[in-house]
Each structure stands twice: as structure tokens, then as C-alpha cells.
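Per-chain residue numbering starts at 1, and chain names A, B, C and D are given in the order in which the chains are listed.
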Amino acid sequence: MTDPLLLRLRLTVRFSDCDPLGHVNNAVYLTYIEQARIELWRRQVGPLSRLRPDGSRGEGFILARAEVDFRSQARDGDELEVRLALGGFGRSSAVYEYEIVDVGSGRLVAEAKTVQAWFDYDANKTVPLTEETKARLSQSFSDIVQA
Amino acid sequence: MTDPLLLRLRLTVRFSDCDPLGHVNNAVYLTYIEQARIELWRRQVGPLSRLRPDGSRGEGFILARAEVDFRSQARDGDELEVRLALGGFGRSSAVYEYEIVDVGSGRLVAEAKTVQAWFDYDANKTVPLTEETKARLSQSFSDIVQA
Amino acid sequence: MTDPLLLRLRLTVRFSDCDPLGHVNNAVYLTYIEQARIELWRRQVGPLSRLRPDGSRGEGFILARAEVDFRSQARDGDELEVRLALGGFGRSSAVYEYEIVDVGSGRLVAEAKTVQAWFDYDANKTVPLTEETKARLSQSFSDIVQA
Amino acid sequence: MTDPLLLRLRLTVRFSDCDPLGHVNNAVYLTYIEQARIELWRRQVGPLSRLRPDGSRGEGFILARAEVDFRSQARDGDELEVRLALGGFGRSSAVYEYEIVDVGSGRLVAEAKTVQAWFDYDANKTVPLTEETKARLSQSFSDIVQA
């Protein structure tokens, strides 16, 4: 990844993340990269858009597309690091790129990419990203987040 | 179970419900019995209490306690039937009892019990069950629900 | 999808498939399409490669890549149909394309694509697909599978 | 809990652990306490019994019963501590008791109890616990495990 790194998240593979083939189930990689996004957004723009006391929900990202390339297997108890980089902004969207690496061995476990649209959850439609919002969404964090 | 049966739900074990031991992960049995409750409540009192347009959430059950006895193993592709029976009402709670049976063999897979409290999600506290609500929550359904 | 349809699978969205945004969590779509693959392979080549009495595991597919485009939201209780079509074979891989449709409304919920490699789980490496295996993996099923 | 504490595990609630009610789904508490058992057993007796190169699986615990009392709600991003204590041994079983506490506030989130049987995964039956095994299963760990 040559793009600016926004966040690094470390997590331990749970036993229940694994399937009868003895490795992390493919769907769970989307959970791992989601967790990196959630932690990023918590820091950049506050908790993910949801119910407020007045019943409104405000603006936030909604996932439009996800891609994962499975490079090697991870197993129960492995410590993984998710690296989230900003691929770029569209008019009302952002692209994130991810690497998931096994911390112990440095081995690449998966690569991923997501496209998310900036969404008005009350009007139920995509809205343009302002320059101010793009600036907040470009903030990067150098500490390693434990999740 | 000698109690009045309220609902029978059939579902197929998903591959991802299973863990590296090759059987349904223990936590997933709580998901199976939850699905039976959800389908029951959908019929008895409408969809589970959640956000309304005005921001209120209304009343509904909240889970207070769950018990599961694991009797035999279930595997990917097995068709299971969850039988939900009414154990009784308290002042502001209900007890449900469950059997989970493998449809193909008739084998008992698990037994479970839950206690749920009737909860005002806006006031954030338990409230008494009215006689009218108890009557609705006693309705039973004789068809087999597919989930 | 113009490709030959191999399997149609119907499933009901579980309450626990949904997240705090009130809709099916993005990762769960990979679970839905996995379930369609599992049911397809169960019919075409027998249960997914795993432990045999002699400790060997044999050959089977391993997932190499997955892509999902999220087209609309699905919610708890929705009945969805997963349509799995054969996109084509490589030397030691196959491409599957998927549509996930809401049965009630006909609305498109998601489109997806996976690439899977034919894998020798004992030798731990990708192996070429024989013509015989390709023929078995091309079998289509016209009934609707309930899962 | 007055019983001897064997392990303390800290974990962060994942967004996908939460359901449309905006809190940790009830089934996920069984995942949290399972993770504490897995980490305990990894230290006491090695990784959980599963496939060996010769196809055998050896002895290990199998879950027989689980109980959870839900005391308060936990939400996305909360850091929780699972405290696992030894309730006692039977002839071929052990009882564990758990408290799940919100680290930030000290608030009790759930209490739980599990009974697990010592199981010969090759012979597919429960076997007695030897004194040596009981001694290993009584080992406690004073550091806080991050998961």
C-alpha cells in the first residue's frame, strides 16, 4: 500500500471466528476491516450514525462495495493487524484499502478494498462530501488501536 | 415439554454456524432460540420493539436469563426444529422452554429456557404485563415456520 | 446475470444477522453466498473437504477472492434468494457470480462474485481441475433450495 | 464470585457483536466466555482438542451446559473484562463461573456459569478426569489476557 495509512488496528482471532476448515471464515475478514473503519470514524467524526434522542440519525458512511483477496490462512489465537489506508475521495464517496497481516510472522493474510458513500440516513440518500468533512476523514492516527 | 407449545420453527444449520470442532458452536443455539422468539413475537405483538418515526421505541421483551443444555451435536446442513413452549408468566416476565430436535433423526440436540422481562424501552425499565398483553403472548401457532 | 444458473437458495434473514443500523450487516452477505456454494457442492461433489477417518482431507475449493456490491438494504425477517451462476473456469479455479434478491418485492439487494481455487488440502497447494471435475462442477439444479 | 479466579480476559465489543437493539446480542456473551475458556485451556493443556496429523483428536472439554444472567447492556466499543473462576470438579466434569464487567465503569454486564465434560473425541464419550489433569486445570494466571 502506497496510500496514506489512517489507522492500524490489532485484534485476536476468536475461536468462533473460525469454521470447520479450522481457519478464519471468509466473511469474518469483512468484520475485521469493518472494525478498523468503526474505530477510525469514532476518532474522526464520532460514533457511527444511529438513533439520536430526537429520532434523527444524521449523516455517515454506508458501505457500497467490498473486495477481499484471501492471501493465507489465519487461525484461532492469531494476532492480526488491520492497516487501513485512504485510497481517495469521490464526490460523495471514499475508497479505503486494507492489508491484514499476521503480527507474529509478518505474513500477509488478506488484502481488501471498500467503497463507501456519504449518506443522509434521514433523507435516505447519498449526499456530497464537503471539504470540511473530507479534511476530517483524512486525519490519520499513528498509535496502534487494540480491539 | 408438557407446557403449551407456542411455535415450531425449522431452520438449516449454516456452514458458518459451525466451529473448528466441526459442529454448531454453542453460542449459535442462543441464536436459534432467539429466532423462534422473534418469529413468535412478530405474529403475537408485531416486530420487536425498535426505532419508530417519532424516535420512541415502545414496550417489548428484554432477555434477562438464558440456559442451554447441550444434548448432542448438530452439523452443517442438518435441519433443526426449535419448539418454543410457554413456561408461565410472572408479574412482568415470561418463561419460555425450548427443545431443539434434529428433524431427520428425531434426536434431541439441545434443551433451553429463557426468562424475559417486559420492558419499556423509552423509560428504560421493566413494567408489569397487562392481562391483555398476556392473552396476546399466549397465542399459539400450529403451522411450522420456516426460517 | 447471463451465465448459466447453477443453484437458487432461499433463506430468511435472522435477527442476529442485523447490526445496530437495523439492516443485514455487510459481512453476512458473504455468509449467504457461502451457504449457496456449500449447498451446490454438497450436490455436485459431496460435503466440503474436511477430516476423514484416515486423517486425510482430499481436494476441494478454497476461496481466493470475493467481491460484493451492496445495492439495497435487507432487514430481519426478509426472505432472500441467492442465485449462483458459473462465470467460468480457469486452469485450477472457477468464477461464480451471484445475485441476492428480496423475494417479496423482487428488489436487488446485492451482487457478488467469488473466485475459488481447487485445492489439495493434504498437500496444501492448488491443483488443476480435471475435465471430469469441471463437468461435475457444471451441474445445475432447477429446484429452489431452502436453507 | 468467591471461587478461585483462573483467568481475566479483556476484549473490545465489535460493532458486529451488536444487534438492531443497539446492544451486544445475547448469544455473543457465550462467545465472550468461550474465548476466556479457550485462552485458559491454551495455557493449561495446550490448544483445544482437534485434528492431529495422525487423524486422532485426543481428550478435551466439551460444553454440557451454559447459563447467562444479563445484568446490563453493553455497546459497540465498550471494553469488557471476563473473569473466569473455577466452581469445582465432578468425576468427569468441571464448573466455571464468570463475571463480565465493563472496564470503564466497573458495572456488571453479565454473570454466567458453564458445565463442561472431559471428553475423548476419538472414542466419542465422556471420560473421568485424572488427578494430574485436575491439577493442570486448576492453574490460575494473574496477568490480564488481551483478546
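One rule holds for everything that comes next: contacts are C-beta pairs under 8 Å (C-beta built on N, C-alpha and C of every residue); 3 or more make two chains touch, one makes a residue touch a chain.
The structure displayed is predicted, hence computed values, not measured ones.
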Greatest separation from subunit D - chain, by CA centre: C
Please compute the C-alpha centroid of subunit B, do the same for subunit D, then give the distance between them in whole Å. 24
Report the inter-centroid distance (CA atoms only) between subunit B and subunit C in whole Å. 29
Using mean CA coordinates as chain centres, what's the gap between subunit C and subunit D in Å? 33
Do you know which subunit C residues sit against two or more other chains? 15-16, 20, 22, 25, 27, 31, 34, 48, 50-51, 76
Drawing the touching chains as a network, do you get a line, a ring, a star, a complete graph or other? complete
Contact residues on subunit B for subunit D in the complex? 20-21, 25-28, 30-31, 34, 48-50, 62-70
Within the complex, subunit B is touched by subunit C residues 11-12, 14-16, 22, 31, 34-35, 38-39, 42, 47-48, 50-51, 76-77, 146-147
Taking the touch rule as given, give the residues of subunit C at its contact with subunit D in the complex, in rising order. 15-16, 18-20, 22, 25, 27, 51-56, 76
